[in-house]
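Before I ask anything, here is the structure I am working with.
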Amino acid sequence: MRNFILRYLLPRLGQYLVVIFLGVTITYIIPRLSPSDPVERQVAEIMVSGAHFGPEAIAHMRDALTDMYGLRGSPIEQYLAFWARMFQGDLGPSLSRFPTPVISLIARALPWTLGLLITAVMISWVIGNILGAYASYYEKSGIMKVIDVASQAVRPIPYYIVAVIFLIVFAYFFPIFPAGGAYPVGRRIEMSIWAVQTILRHSALPALSLVTVGMGAWFIGMKSLTSNIISEDYVVYAEVTGLPQRKILYGYIMPNALLPQVTGLALNLGMIFSGALILEVVFVYPGMGMLTYQAVLANDYSLIMGIAIFSIVGVATAVLILDLIYPLFDPRVRHQ
Amino acid sequence: MPLLSVKNLHAYYRTEAYGISRTVRAVDDVSFELQKNEIYGIAGESSCGKTTLIKVISGSIKPPLRIEGGTMTYTFDGRDVDIASVAPEVMRREIRWKEISYVMQGSMSILNPVRRVRRIFRHVVDTHQGIDDKRKFEALCRDHLKKLGLPPDILQAYPHQLSGGMKQRIAIALATIFRPSLIIADEPTTALDVVVQRGVLQLLKDIQAESSNTVLLVTHDMAVHANVADRVAIMYAGTIVEEGPTEVIFGAPQHPYTQHLIASLPVIGDKGTRSALPGAPPNLASPPSGCRFHPRCPMAKEICRRVVPSMIQLDTLHRAACHLVGEREEA
Amino acid sequence: MLKVIRDLLRYDGRFRVAFIFLLATFIMSAISYVSPQDPGRTFQVPLDRSPSLQYPFGTNSRGQDVFWWMTFAVRNSLYLGLITAAVSRVIAIFVGLTAGYRGGYVDRILMSVNDSFVVMPVLPLLILLSFLFRGRMGLTGLGVLMGLFGWPWDARLIRSQVLSLKERSFTRTAQYCGAKDFHITIFEHLPFVLPIVFATTINNMIWSIGMEVTLGVLGLSNVTLPTIGTTIYWANAHQAMVAGIWWWLMAPVVVSVVMFLGLYLLSQSVNEYIDPRTRLRRIGA
Amino acid sequence: MSTDARLLELDSISKVFHIGGALTGEKLTAVNNVGFQLRSDKPEVFTLAGESGSGKTTVARLILRDFPVTEGKILYEGSDTTRIRGRRGTMRFMSEVQPVFQNPFDTFNPLRRLVEYLIETALNFGIASNRKQAEPVVDDALKLVGLSFDEVNLRYPHELSGGQIQRVSVARALIPRPKLIIADEPVSMVDASLRMAIVNVFKRLRDEENVSVLYITHDLATAYYISDRIAIMLRGQIVETGTVDNVLGDPKHPYTRILKESVPQPIPEVKGAWAKSIALSTMEVREYGRIGCKFAGRCPNVMDKCRKIEPPDVTTAGRVVKCHLYEPESE
């Protein structure tokens, strides 16, 4: 156990901290690369974008911006102050919806993204892996060949392109699903069967896009992993002992092939997250991606920065959690 | 009544990549019989077809390997079984492990790395005997392991916690748990240290002596055959060139290949010069004409280049495939 | 080279598809040079015409022929992909080879930075950057910027390959032949690393083109420049789906599917062909 | 022997490996206080024998400067090899000491022609100044191992047998005209009928070419056949060393005895030799960490002090044994 902590747990935690350190540092440095005074430019851009604020509010905003960019004191003091605010979970106020704190805007959008992302990732990971293992193990099956070709075809296509295709087909030519949003405009959401149904109906297309592409990727990954594992001695051995194929698939191939797929999930989480963000824009889905889009449209720099930092920390934490549950599947890590 | 009778077996690999097709004649016209209650050794160098031969006679053929001719008949309890035409499901349920079990080459990695050893036993026992009662299963395993002199707590271990020799003995324990008619051991000790090799071979011999079944031992190590096998067949380039009782093969080999093979083995306590065969084993994708050994044979004649030698019975149990032996017999 | 293409065309179905798709893509980007239409100008053709013989991809609400607009979009996207791939290749190969061949602390430091970049979501950072430099960054600038973010995954792959090659006896043989490190890298290791470099180059192009689309959709790239992303941006801005001008969105979709699929299948088939194992099979091992 | 009469001297070297991270890993003493010398006045074949995990390969890699020693010194012709700096020093060392590796199929890049390596060696070490001059040099080296330039020219590794490649590997090592060849398990992956060709080359190098060979192997039979002196390793330590006739003819250390006894001899008549059963360890790696004698856990003659005190090196009957059994009883 001591070894497990020292040789597995601590390095992973260390890496987590490095990721967060780098991410936050980069977001700290980036605005400083800008040649003009970011505060004045932001204020000017907000004014140009047509918002009306009183002089007091503008002074306040300048103050907040100076704070947010951490422009008080020497660069080292600025940097430390930046971290201090991070630890308090303070991402500053939003500029376009001043003075609403960025964190509360994120808190409103996050559940939508999380709900969509977790469901879609879980479905695509599980189905993709099962199908991938099947396709490789029962090579001759005709349906599997079709799935294989289909997966190869969607594998390189970005999420939002698939999303646009679905949008055109299922919302325009065959209007089965609503074209956007997560619920009809203008209605408050309350807990009711109707609300759940509506949300599900609205989330179906974005989820389907995520699942389609994700499934293709996991399918192809699993298929090649499985075809390698099939020639491993322990699988060949299980075959000559006369074990039924089902048992070999579920007891021998899957558990071993899934290990790299868990690691793969951890490594791809950042990419999947980015894909989901842009998908939301296509479907006008009120999550983090839509929030980002609105922030860009409204020139709300503090909101964008908040989202960037939050995403980095969030994804890094999710990866850490995945890494921490990994030993549950792999006895070689558990029992050194 | 032999346990297995193989007649004129041909098994080739046919592959194609980017328009280049190749046929590897890994097993070419092989005939032999396995008797009940014996240890039969197959000796041969790398890529002489011995591993392919095992795949074929254990009924585990997968493309690109195909049987191109010949018959293989087993006799289990007086019932004849043609292994090449058994339905896969029957093969799996009734023949694998119950009649034919297998100790694989590279047994170091035959155990599923993410499961405890118990689970692997459980799978095998479940498949072939279906013992529902956990205690009965436990008792069966512990009994069996104890008989083989293995500590029963290895059931609790994960494969990566065990040494190579221990894994190999677990493989033997697994192969013998149902007392099958035939145990095929393919290079069972190749990667092991000699002290461990000795322990493993001893175990294999003891089990054979106790259950009077047949062991087919395949290894390139002639010294192992000398110590373990009752009869030995020498394979060269996809064919059997000589077969006989171990003492005869080592004492009075007839085929030039066998003669050279045995003469080249170093012995502790004898510093006499040993020489190696010239040349290299042929590529089975384009084997030499006539006798496949002729390009390396110091005694090759014109006829060896043209005509494939047939197997000549020298004694009730001793036979060799060589034109020179034939001439000697006729003279 | 010609023989390779002939072999692949004859024996690999994936390559045939890739060949046709990429040929179409290249022709498309090539004919942008003879375009009768200036992509910078609007209201040159009737608005919102559906696809016809005269306007194969229809026309949009800004008065542009979508087909000619798309020829520029393909050209720009390919250009961007190549820039990014080139920049990130240089970094990935350098970091991968150095970390792998040198090992020790160099390796540990490089890899901990590298792994952090691998798990970090690049999109939010790119959004942040392009937001700040909006309007001041051309296609080349964007390509270089993405190149600076697109190397870690590939560096890791190259490193792990070099690590295993370093342990092979033939590397040690070459050392005892008196060969210099550079010679070993070029003659002993490169043939084994090549498939990875090739596959990752194409994957990287796919990635960067996709990222540009993302930024374009958000309106963060230069929206006056025709790219696949800005096409979707303008279609969204004019609410093309609501107005029923589906071809405006369909054009970038079709073009990108053809391009992405072509690139992906090319990497798959060529990769198998230059894989040392396949090559060994071809020379008869 | 005076210091200058030594070609190679290992002065009680140790190598500790850290497994795992820099702060947290475990230590494994793979080589533990090992010392021996090769004489320079007369070439010899010195065998370092031991089973897998005995540390013999680590010794080879330490001599070849693949990694530094943790303790002790390796002296080549009297000078410390850790002091060698820069490309010029390295080249000078490599022109004197050359390796032959275990796996012939991995010794050369499968995608390159074999002869390239030989020509490059000739060019890099200044034996020839251009390709044309290099060809006869290469041909001479290949003739020494029983091959020729024409046989090898244009060939890829897969077109030759393991035995042939291994001889090409020796030929390559000979091109800089070294005084010492470090051969790490050179025949363990070569077919039996081809082994002796390689082993005989080493003999010939010693007898005719004035080249010393450090022969590292687990195969006692070939070791007996070619070497003058032998050292038996167990878990990082040398447990017995002396002339090969003394050590293998009449082993004194209990481990050497069991080892010799376990080597299968290619003589069927001695089949009964393995009647005694032997203790095998399940977790072999643990033996590294043992205080006292590393063999105490398996030794048939184990005494109390074997588990507590590391045995001294005792000189007896023409060899040095690391065993309490042979301690002078003066204490």
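Of note:
Chains: A, B, C and D, in written order; residue numbering restarts at 1 for each.
In this section, contacts are C-beta pairs under 8 Å (C-beta built on N, C-alpha and C of every residue); 3 or more make two chains touch, one makes a residue touch a chain.
Because the structure is a prediction, the values reported are computed rather than measured.
Here the chain-to-chain distance from chain A to chain C, counted in touching steps, is 1.
Centroid analysis (C-alpha atoms only) places A farthest from chain D. Counting C-beta pairs in contact across B-D and across B-C shows that the higher total falls to B-D. Chain A and chain B, compared by their mean Cα positions, are separated by 54 Å. With centres defined as mean CA coordinates, chain D is found 32 Å away from chain B. One inter-chain figure worth recording: chain B and chain C are separated by 52 Å, centre to centre, where each centre is the mean of the chain's CA atoms. Counting partner chains per residue, chain C shows two or more touched chains at residues 284. Within chain A, contacts with two or more other chains are made by no residue at all. Shown for chain D are the residues that touch two or more other chains, of which there are none. Residues 14, 112-113, 115-125, 127-129, 131-133, 153, 206, 210, 213-214, 217-220, 232, 236, 241-242, 244, 246, 249-250, 252-253, 256-257, 260-261, 263-265, 268 of chain C are the ones that touch chain A when the two sit in their complex. If you check the complex, the residues on chain A that touch chain B are 232-234, 236-244, 247, 251-252, 255-256, 259, 329-332, 335. Interface of chain B with chain A (complex): residues 58, 60, 91-93, 95-98, 101-102, 104, 106-116, 119, 123-124, 127-128, 158, 160-161, 174. Within the complex formed with chain B, the chain D residues making contact are 51-52, 160-164, 191-200, 218, 220-222, 224-225, 248-249, 258-260, 262-271, 273-274, 277-278, 280-285.
Residue ranges on chain B touching chain D, taken from their complex, read 45-46, 149, 151, 154, 161-163, 165-166, 193-199, 201-202, 220-224, 226-227, 246-247, 250-251, 257, 260-262, 264-269, 271, 273-277, 280-281.
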